[in-house]
Amino acid sequence: MISLEQARAIVAATRAKGRDMGLNPLTVVILDAGGHLVAVEREDGSGYGRPDIAEGKAAGALAMGVSSRKLGDMAADRPQFMAALSAAWSGKLIPAAGGVLIRDGAGVLLGAVGVTGDLSDNDEEAALAGIEAAGLAAG
Amino acid sequence: MISLEQARAIVAATRAKGRDMGLNPLTVVILDAGGHLVAVEREDGSGYGRPDIAEGKAAGALAMGVSSRKLGDMAADRPQFMAALSAAWSGKLIPAAGGVLIRDGAGVLLGAVGVTGDLSDNDEEAALAGIEAAGLAAG
Amino acid sequence: MISLEQARAIVAATRAKGRDMGLNPLTVVILDAGGHLVAVEREDGSGYGRPDIAEGKAAGALAMGVSSRKLGDMAADRPQFMAALSAAWSGKLIPAAGGVLIRDGAGVLLGAVGVTGDLSDNDEEAALAGIEAAGLAAG
Amino acid sequence: MISLEQARAIVAATRAKGRDMGLNPLTVVILDAGGHLVAVEREDGSGYGRPDIAEGKAAGALAMGVSSRKLGDMAADRPQFMAALSAAWSGKLIPAAGGVLIRDGAGVLLGAVGVTGDLSDNDEEAALAGIEAAGLAAG
């Protein structure tokens, strides 16, 4: 399982990347491998519904074992199936880039990060930078 | 109503078929005719969200009286209608193959099986083999 | 995390203990350490609402890190607090004996078993026998 | 509204107080005045259900305009009423000490902090220390 210090390192580096890229205010959520909250930070100006979006990207990635970018591709191919999954999981599946699985050096799944606030591609870029800066691996 | 021993026989034979076919790890759920859990087995490596998917395939089949393959066809034809049903039933309708009604030799509805983990067509093939091996009838 | 084979062994031994004790039909649920379903068996004659009870005993034990017997004691002392937790977790906390944490020989938490169908004390006795028979540790 | 930097300061000081007091691992949640997540940190060893408890203490405080200690008193006096509120708000009201309103120097409500992991009195003591260390006011 991911430690709080690992989670905090990812949140800090993701936010720093967002500032470097000049992104909109971000919300960053870290879940453990069982899909439970470890850390959340919502930047000033990031709307109050954003934590649910970030959590939904991360939780969907964990539940399906792929990135939320891939979930977005699946939703384009099979929209009814993915909509049904979102309903089954009470919205804890948001099919858009920005939710990324986190693994240790041995490939063990530790959890997932979810980022929202800017374009999904940018959210994901910040998430990937955050995981790398923490010395962990995406995917 | 389906007995636990019938349910266990279907689960075992479905999983055996999955191994014979070389499928990904499977989750198999058996519901009684009222849509309530009788048996669940989630194989190692099958994601934690899978029981909800398997249950949703089986429960949708029972609620509508058709296979979840047919629900997938209905969702392609009438996506908003089916999305509304998924929401109304809190996701207990997943419109993709792998959910199959179970009947006895006289055609009496006993319950349903839901399978997930591989391609939907493969999930369904394993489910059908499981029902047949248990001496019961699909549909 | 608990394997499906470990989970099946606990279910089988719990049910066998129930038969030896002459208990009412039982429902047995195994959750992994993140609170997600691994295995369920509902014996013939065990009511259709029983899986939610068994899951609630096991999930409450995991969420609070104690047995559901202890949750029952807490509910006697602080009924409003425990009722609020049940609501927060959508009923996934049932404060009555029969939900027991499962650990390996090194004390690592693997998951939990929940049993319902007879008196809570008897449910718990069957659960404890199931864990022991599988070569694992309760608590 | 509370800023993320204010929220982070409260979380850090609350956790530091917990360590000074030798408390169990804590989970700390900060909500804005609308009851929405701003920051969450769950320490290693704090159970996965803890964020819901911390959020429920803070959210109940905001929804009723009093501390969650006071909500506990109300629950002792009027248990059915408070149980109904917990249900109405899907558990986002946990009637136990540890949820404290946060105000600025002028008395303007900024949000609330919720703490869980140790005895409720200790949770609250850590929360109060966190608010004070951040240069804000409890109540």
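Going by the order they are written in, the chains are A, B, C and D; count residues from 1 in each one.
Here, a residue touches a chain if its C-beta (ideal position, glycine included) is under 8 Å from a C-beta of that chain, and two chains touch if they have at least 3 such contacts.
By chain, UniProt protein names: A, B, C, D = Heme-binding protein.
For clarity, every value in this text was computed on a predicted model and none was experimentally measured.
S.K.: Moving only from a chain to one it touches, give the least number of moves from subunit A to subunit C.
M.R.: 1
S.K.: Need the CA-centroid distance for the pair subunit A / subunit D, whole Å please.
M.R.: 25
S.K.: Centroid from C-alpha atoms only, then distance subunit B to subunit D, rounded to Å. What do you get?
M.R.: From the centre of subunit B to the centre of subunit D is 43 Å.
S.K.: Once you find the CA centre of subunit A and the CA centre of subunit B, what distance in Å lies between them?
M.R.: That pair's centroid distance is 30 Å.
S.K.: Quick one: which residues in subunit B touch 2 or more of the other chains?
M.R.: In subunit B, residues 48-49 touch at least two other chains, as defined above.
S.K.: How would one label the connectivity among the chains shown: line, ring, star, complete, or other?
M.R.: Graph shape here is other: it fits none of the named patterns.
S.K.: Please list, in label order, each pair of chains that touches.
M.R.: A-B, A-C, A-D, B-C, C-D
S.K.: If we count contacts the way the header does, which residues on subunit C are in touch with subunit A in the complex?
M.R.: Checking each residue of subunit C against subunit A gives 32-36.
S.K.: For a test of understanding, state which residues of subunit A touch subunit B in their complex under the given definition.
M.R.: Against subunit B, the touching part of subunit A is residues 34-35, 62-65, 78-81, 83-90.
S.K.: Note which residues of subunit D are touching subunit C in the complex, please.
M.R.: Touch residues, subunit D against subunit C: 47-49, 52-53, 56, 72, 75-76, 79, 82-83, 86-87, 89-96.
S.K.: Taking the touch rule as given, give the residues of subunit C at its contact with subunit B in the complex, in rising order.
M.R.: That would be residues 3-4, 8, 32, 34, 36-44, 48-49, 51 of subunit C.
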